[in-house]
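Chain IDs A, B, C and D follow the sequence of writing; residue 1 opens each chain.
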Amino acid sequence: MKITIWNEFVHERENEAVRELYPDGIHQTIAGFLSTQAGWKVGTATLDQPEHGLTEEVLAATDVLLWWGHMAHAKVSDEVAERVQRRVLEGMGFLPLHSAHYAKPFKLLLGTTCSLKWRDDGEKERLWNLMPGHPIAAGIGDFFELHEEMYGEPFGIPEPEELIFVSWFQGGEVFRSGCTWRRGHGKIFYFRPGHETFPSFHDDNVQRVITNGVKWAQPTVNILDDCPHADPLEPIAPAS
Amino acid sequence: MKITIWNEFVHERENEAVRELYPDGIHQTIAGFLSTQAGWKVGTATLDQPEHGLTEEVLAATDVLLWWGHMAHAKVSDEVAERVQRRVLEGMGFLPLHSAHYAKPFKLLLGTTCSLKWRDDGEKERLWNLMPGHPIAAGIGDFFELHEEMYGEPFGIPEPEELIFVSWFQGGEVFRSGCTWRRGHGKIFYFRPGHETFPSFHDDNVQRVITNGVKWAQPTVNILDDCPHADPLEPIAPAS
Amino acid sequence: MKITIWNEFVHERENEAVRELYPDGIHQTIAGFLSTQAGWKVGTATLDQPEHGLTEEVLAATDVLLWWGHMAHAKVSDEVAERVQRRVLEGMGFLPLHSAHYAKPFKLLLGTTCSLKWRDDGEKERLWNLMPGHPIAAGIGDFFELHEEMYGEPFGIPEPEELIFVSWFQGGEVFRSGCTWRRGHGKIFYFRPGHETFPSFHDDNVQRVITNGVKWAQPTVNILDDCPHADPLEPIAPAS
Amino acid sequence: MKITIWNEFVHERENEAVRELYPDGIHQTIAGFLSTQAGWKVGTATLDQPEHGLTEEVLAATDVLLWWGHMAHAKVSDEVAERVQRRVLEGMGFLPLHSAHYAKPFKLLLGTTCSLKWRDDGEKERLWNLMPGHPIAAGIGDFFELHEEMYGEPFGIPEPEELIFVSWFQGGEVFRSGCTWRRGHGKIFYFRPGHETFPSFHDDNVQRVITNGVKWAQPTVNILDDCPHADPLEPIAPAS
C-alpha cells in the first residue's frame, strides 16, 4: 500500500510555536508513525511543490491520501483539487484531517458548505466512541481526551454513513468528529483533531485512529466511470 | 410557492420531431401542468438568456428549481452552476430530470461522476414503486410504464437516502429512477424519465410524480451557512 | 389527526415528587399541550387498562402514538407490543420518549439492544440543533437547555436516518437525542428528554419539538404488507 | 474463522427434485464450497436437531452464520431466533439467503414485514452489480444471470445501507437482491438467489458472492451491550 500525506506546510514555517510541535511539518510527523506499519510506503506532498506535489503520476500511485490544510485552502489549484476528487471516485481512500473540512477536494466530494463553529482556546475535548466494533475504532476505548481547538455543530455535511466519534467540548459544544462516506469507488474518513498549535498528532489515540482509518480506506478497485452506450441484452419492441 | 423550470431549450429548436412533442419547449410543457396547482407561481429560464435566466434575484425568489439539460451541459457557466448549488444548500428544492444526471449543479451537489449506461431505442420501461407511502409516490400504483430511452446501472451516485422508483427495461437493464438526497438545507429529487424524443412529460404518472416532487421539495428555511467563532458557554480550563 | 399518548403511569402514583410535577400523569401533561393544536384529537392509554388501552380499535384509529415507559416495560404484553409494531409498519407515526428507548415496541421496530449509559443527577443538558431546516426543529434555535437525567453513548441503535439533536451533558457525555427512522410505512422519532423527576414536559422547547414531531410523523398511507403471488407482466421462457 | 450454515432441511427430504439438486441438503452444498477457503472451519445445523443445532455454545463459537429456511419458519423456536439476534448484535456476521427474508432472526433484526412479491416459474434473472468496488462484489462482472424464482418489489425492509445487487426478471419485475445492514456490532448481508428447485447454489457467481459475503461479515468484536450507570467525568452542578 502506498500512502501520500499532503500538507499545505505554511504554519510550521511562519509560526515558531507550531514549528516546535512539528519541526519538519505535520506531514512528516504523520509520515513518521504511518511508516512504521509493515509494508506501507509513505510519501509526502506540499503546496509549494509543482502541482502541489500531486501530479497525475503521484496520485495514480497513491492508495490512500491524507490531507491537512488551513490558511491556504484557496491557493490549491482547482485542477489539482478536481484531480484528487477524480482519484477518490476511482477508488483512492481519502482522509481529510481537522481544518481540511474546508479543503477544496473535500468540499468537491461532499457538495456542501462543510461549515462549523470554532474556538481556539485549547479546551478539553472528549471524543466518544460510538462504534466500538468499527475497524477505525479498533483499540480505542469508550472515549479519549485531548486539549484542542473547538469545532461545533451544526457541521454542514451530508449525513455521514457511519458516525464513529462525537466530541464533547468543555466550553459546551458537541461535534461529529469521525465520519465516513463512500463516494464513487473511494472511501472517505473525516477526522476532527489536529489543530496546528496542539500536539494532537503526537497523541497515541489520534495516531491509532489515523492508522486504522488508512487501513479501512484501502482501495479494492481502480475504476474510471464512463457513460457507455449499451446494446440490448433482450429483444426489444419499440413503441409503435 | 414560486417554481422555476430551467431548460437548455436546444433540441426543441433544432429537431423537428422534438418540436412536435414540445412545441414551446419542455419547460413550457412542465410549466403547464405545474401552474394548474393552486397558488403555485411558475416561471421558466433557458440557457440563452442572460445568466441563463438564473440571476441572483430569480434564484433568491425560487422555492423549487426543476432542471432539464442534455447536449449543452458544458455551456452552463460555472458561476451559475455554483449559484444554483449554493441556493440548494440554503434550502431551495431541486429536481434534476432525466439527462440532468450530468447537469453541472447536480454533479456539484452530489460530488460523484453521475455516470450510467444508456440506449435510445424507445423500449418499454416499467417504473416500480418501492415506497408507496412516500409523498412523492402519492397516487402512483404498484408501477407505471413508459416507452423511453434506457438508463442502466451502475449509476455513479452517492447511495440515495430514499429509493422511490426502480426501473425495469425491456432490453434487460435496471435503474434507480427516483432518488432523494438532502444537501445543506435543501432537498433533491432526481427523476429519470424525460428523453426529448418521447412524450413522457405529457404522461399522467410522470406529471403526478413531478408535481408530488415539487411539493415534497418545498423549503422550510433559507439559511446561508457561515463559519462563526463561538464564545464558550461553559467555563473552560485550557491545558496547562 | 388522532393522537394517542401511552404512559405506563406508575411513577406518578408511587412517588410524591413525580406526582407534584405531573399530577394527572405524564400523558395528561402531553395531552394538554398537544390538544391545543387545531384539529388534533388527543387520547390517552395506560398500562393498567385492558390491553393497556391499546386495543385493535384504538390503534386502528390512531395516526400518531407517543410512548412513555420506564420501570414497567416488562409488564407490557408481547401481543400489544407486536400490535403497535404492526401499526407502525402500516403507517402510524411513533414517538418513543426518553426511557422508552427500552420499550418493547421500539426494540421490536429497531431490532437492536437500544442500550445506553445513564446517570440521574439532574445535571445540565444542552441539546444542539444539527438540522435547523428539519420540520422537527422548526422554531428551535441553535440549542436549548434542560436539567435532566444523563444518557450517554454508545446508544445501541441502527444508524439514524436523520440525526436532529445531539446532547452535551455537564458531566462529560454526549448523546444522539433526536433521531428518526422509517420502518415500513411509518415514521419514528425518538426524543431523549423526559425523566419523570424533572419538569421537562413543561418546557417550551420540549413541547415544541414533540408537537413538531407529531406533525412530521403524520401518516400518508395505511398499508398492510402481504406477500402476493404475481403473474408475469411479460412473456417468460423458463430454463430448458 | 468458524462458519455455521443453518438449513431447515425439509424440502430435500420430501421432494425428489430438490434432493437431486442437493442430495445432502442445501447446507452441505454451501459447506462444500465454503470449506475450500483456506482456514475456514465450516459447521452445519438443522431444524430437527436439539435447539435446531444452535445452542449457546455453537453460536458463541460462530463468527458468521448463514441461514436457509422456507416452509418451516414457524417451527423455529422464538428462543433460538432471539439467541441468533443477540449474537448478531454482539458481532456475529449473518447471511440470510433467499426465502430467509421471512426467517425469524432476520425479521427480528430488521423489525419490518420483509414481504415481497413472488412467482416460481424459473424465469431468467439478471443480477446487476451496482457496487463493483464493494468486497462482496469482488470478481463479479457487470451482471450475472440465473434461472430462478422471481422476487418483486416492494420489499418490506429498512432502506439498505448498501445496495449491491438489483435483479431484473424476465417477467417484468425488479428486486433489491443484495443488501447490507449493520445491527449492533454485527453485519448482515441478505442475498436473494437460492430457491430449492434451482441449482443456484452450484452456480459459480452465487458461490463467489456468498464466499465474499462471509469474508465481509467477519466480526471484529464480541460485545454484549449493557446499560451501565456512569459516574460523571466532570464536576456537575444540579439544578437548584
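Here, a residue touches a chain if its C-beta (ideal position, glycine included) is under 8 Å from a C-beta of that chain, and two chains touch if they have at least 3 such contacts.
Note that the structure is a prediction, hence the values are computed from the model and not measured.
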>> If you apply the touch rule, which chains end up adjacent to both chain B and chain D?
In response: A, C
> Per the centroid of Cα atoms for each chain, what is the distance between chain C and chain D, given in Å?
Replying inline: 30
> Between chain A and chain C, what's the gap in Å when you average each chain's C-alpha atoms?
Replying inline: 36
>> For chain D, give me the residues that contact two or more of the other chains.
In response: 126, 132, 152, 154, 159, 161, 170, 172-173, 184, 233-234
>> Going by the touch rule set out above, what shape does the chain contact graph take here: line, ring, star, complete or other?
In response: complete
>> List the residues on chain D that touch chain A in their complex, please.
In response: 91, 126, 132-135, 138, 161, 170, 184-186, 219-221, 223, 233-234
> Quick one: in the complex, what on chain B touches chain A?
Replying inline: 85, 89, 102, 108-113, 115-119, 121-124, 147, 150, 152, 154, 156, 158-159, 161, 170-173, 181-184, 198, 225-234, 236-239
>> So in the complex, the part of chain A that touches chain C is made up of which residues?
In response: 126, 128-132, 152-155, 159, 161-163, 166-169, 172-174, 176
